[in-house]
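I have placed the structure first, in the form of structure tokens, so that the comments after it can refer back to it.
For reference, chains read A, B and C in written order, and residue numbers begin at 1 within each chain.
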Amino acid sequence: MAKTNPGRFFEDYRLGETITHAVPRTLSGGERALYHALYPDRHALASSDAFARTCSLPGAPFNDLLTFHTVFGKTVPDISLNAVANLGYAEGRFLKPVYPGDTLASESEVIGLRQNSSGKSGVVWVRTTGRNQNGEPVLEYVRWVMVRKADPGAPAPEPVVPVLAPVLEPGRLAIPCGLDFSRYDFTLAGEPHRWGDYAIGETIDHVDGVTVEEAEHMMATRLWQNTAKVHFDATFRPDGKRLIYGGHVISMARALSFNGLANAQMIVGLNAGAHANPCFAGDTVRAWSEVLDKAETGAPGVGAIRLRLVATRGGEPFALLDSDGKYLPDVLLDLDYWALMPV
Amino acid sequence: MAKTNPGRFFEDYRLGETITHAVPRTLSGGERALYHALYPDRHALASSDAFARTCSLPGAPFNDLLTFHTVFGKTVPDISLNAVANLGYAEGRFLKPVYPGDTLASESEVIGLRQNSSGKSGVVWVRTTGRNQNGEPVLEYVRWVMVRKADPGAPAPEPVVPVLAPVLEPGRLAIPCGLDFSRYDFTLAGEPHRWGDYAIGETIDHVDGVTVEEAEHMMATRLWQNTAKVHFDATFRPDGKRLIYGGHVISMARALSFNGLANAQMIVGLNAGAHANPCFAGDTVRAWSEVLDKAETGAPGVGAIRLRLVATRGGEPFALLDSDGKYLPDVLLDLDYWALMPV
Amino acid sequence: MAKTNPGRFFEDYRLGETITHAVPRTLSGGERALYHALYPDRHALASSDAFARTCSLPGAPFNDLLTFHTVFGKTVPDISLNAVANLGYAEGRFLKPVYPGDTLASESEVIGLRQNSSGKSGVVWVRTTGRNQNGEPVLEYVRWVMVRKADPGAPAPEPVVPVLAPVLEPGRLAIPCGLDFSRYDFTLAGEPHRWGDYAIGETIDHVDGVTVEEAEHMMATRLWQNTAKVHFDATFRPDGKRLIYGGHVISMARALSFNGLANAQMIVGLNAGAHANPCFAGDTVRAWSEVLDKAETGAPGVGAIRLRLVATRGGEPFALLDSDGKYLPDVLLDLDYWALMPV
């Protein structure tokens, strides 16, 4: 028997099973520093202990996407090693801030299975939960991927497609315990625009661009212990290109969105996400946002804002779909998330 | 109104105003590790808690340039986003060592303004102060930049050019509280040469060279949350090149200067600095130094040494100016600073 | 007298002398995070404080190779600055785990000298010891290098070739104090294979590959304060290539070996090692292992496994030598080490 992990194939998943993902990870100021070196992130809450304390947190939590990548990376050997497509995200909820010294682990429950009509692959839906060293959930999200079958003759499971919320209701968002924006310092945060200044339907071109290098996306992806071959091995694809981890584009776009959304401090919900086109080294990533919704929260001074975040590698800002409703070729990412902002 | 920051133009500055820069930053061992990964720095005081304690410090402070870059980076969105030239530095004083766990913030006072004769731009002088979480100043320096006008018709301000010390008097240097080099271990520090071994006028070729990569200078520059587009976006300049942040060259040259100046442990004064020519990925950076002056200090075993640090991308060591008094094309940096050295 | 370090030449070494290497280094979570960003390492013991505690350690120790590189890097300015070949390693013993906050220093004893018949160079054997801030040895190993003579006319020393163990006897391996694998969690560790599942002579193709970039190997090598010019300066070799530090290949191969040897948690012995061919940026590094031996230890649940780890940049797995007994051109590394594994 081979000792290496071949990954799971479609027929290896059972509805309702829980997969405990390997390799828990203790995070420190080192991961935070690398996050700042890899992405042009400037959100003050994740940058400064002192700023976070004025928001009644015990110190600066990690950038929420650092938590996401860490939890996500652990799932790759079990969920997406043989995936042929990353189809979507839904019902992502950030449940508790993560701080230096915390240790994260992940598990996933298989909540849906549907074989494709070709009989060669199928779609697997999992609900993944990240937990800290005390077993407290810090993040959960649903993800679905198309996975190859090893044996095309393996019988198809009874198709089960989970019913997922297209958007998280604001009431389901977990506001970090104690968070208080009533003493929020807009000058130190970098922009004067508060929750009340954003209108539903408003679009923001984040202006800046970053040309991506191979060394950067590989360092980032390794940092999250993501093992997908396609990101690291230039001999893996026929074209000799390394595909950039979609999460690298998410973090890059979110960091670029500081310019215009500096006060969208914490991500608390992930409604949907599509990696519209692949990103490669040499691409210059830009971003634009659209305000999709707004909601009040019960926390002092804290509003919720629902944003579409689009990453591109060129093209005009605010262009998303072609006349057939398909993503334009320069669109890399279309993400729908909830963030917290001072009112 | 656009939500993104267009940066300030020349006519937006007022003499005497104080600009509070955004995004305070808590530094940890992560930033220190990255500094060592990005620059070949080996100065023992910033490398080892144990060594620093033998010098009566509580632990290893950050490399002083890490402090400089962190404080400087915060000023970019307010000072140099629309700068067309970085003209000079003066009266830089490192006032207090910074340690892991400290949070830095920056503010700048506009101390000089002079419109250019073209009417299209002007020179802005600012005195920038970096402070820790207790409000204690850790660094101050004067910098002047040429900034474009958005409206060429905007009236010119009364020209005010600050009088700046060409060189900091040794008495103005802030010696870190308690610093004591009387038990200094030259073997562990890496070289036997003490303050008394250096003669004014002596020149040192630091021998080693480092060929710079895009991923490295971008990671460094992002780490300091410096947002200048020209460092990151390969589509920004007509030639498709990304200009390397001048501070990256300063840190690279200072690290290379370990070989011959291993005991020039701490930078305490920045007298002047010129980014003589732009640096691009692929350049091989080398460095040489000249001893400009020496001074005693009141701290036990501690002498001050004034050094010219020149970074080049080729050419002969010790060559600086052409026959017209202009910097030779391979000279990248000409920095004049005070460091502390065991006597 | 030049102030820069010219490195030692063959005639500068004296049998029995002890060389104290410069620049002690305090390691933090920053170095750990960078290790994870630079190498696809997933061994749970070095990744998670919580996992390490279930193995009765106080927290996650650094990856043993991080300790090796840190100790090794300090020796470069004294041992290998003028080396023309890195000939071998032997009797490497990891004596005590290293944790964030520890400060490492290195010293080497010259234990062998033999001038080459050409009279232009000679072989120097050193036993290097790394110590923590309490003076406790954390690592020792023997290394031998061929070093140029500065003066070919300098007299040859009496040849002394140390007798070195070809393989460390299992009884000489230092098992970390308190280590206990009796509650080892194979699910969290990532693979079910225990010590008893590996057979002597078994070979494992680790499957994954990583294409190496210049920025990555330079950042890694600088992180260990290794100053060898050939790794950093593209103008140093006539072919304009930067030679990748052999230790970078060791860490890359060891990290890749997770896939199939996830439970080979700690390296405790280094029996031998050869950098068979140089590695350059653009190479895609792969790895395979062979089980050379197994031994019991006195620690609860802990077995020792002796492994050959081979790194390649192509070619077929398990191919090592040509018909003349020379390393095949695609073989980069042949390492023989002892690791600890749950029984």
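Going forward, a residue touches a chain if its C-beta (ideal position, glycine included) is under 8 Å from a C-beta of that chain, and two chains touch if they have at least 3 such contacts.
Predicted model only: the values in this text are computed from it and were never measured.
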* Structure fact -> Field rot_deg for pair chain B/chain C, CA superposition, rounded to the nearest 5 degrees, holds 120
* Asked: In terms of residue numbering, is the interface formed by chain A and chain B classified as same (over half shared) or different (under half shared)?
  -> different
* **Cα-centroid distance, chain A relative to chain B, in whole angstrom** => 36
* Please set out, as single numbers or ranges, the residues of chain A touching at least two other chains. => 28-31, 33-34, 100, 213-216
* Asked: Which chain A residues qualify as touching chain C in the complex?
  -> 2-5, 20, 22-26, 28-31, 33-34, 77, 100-101, 103, 105, 133, 213-216, 218-220, 222-223, 225, 227, 229, 232-236, 242
* Asked: What residues of chain C sit close enough to touch chain A in their complex?
  -> 28-34, 36-40, 42-44, 47-51, 59-60, 100, 187-191, 193, 197-198, 204-211, 213-216, 259-262, 282, 284
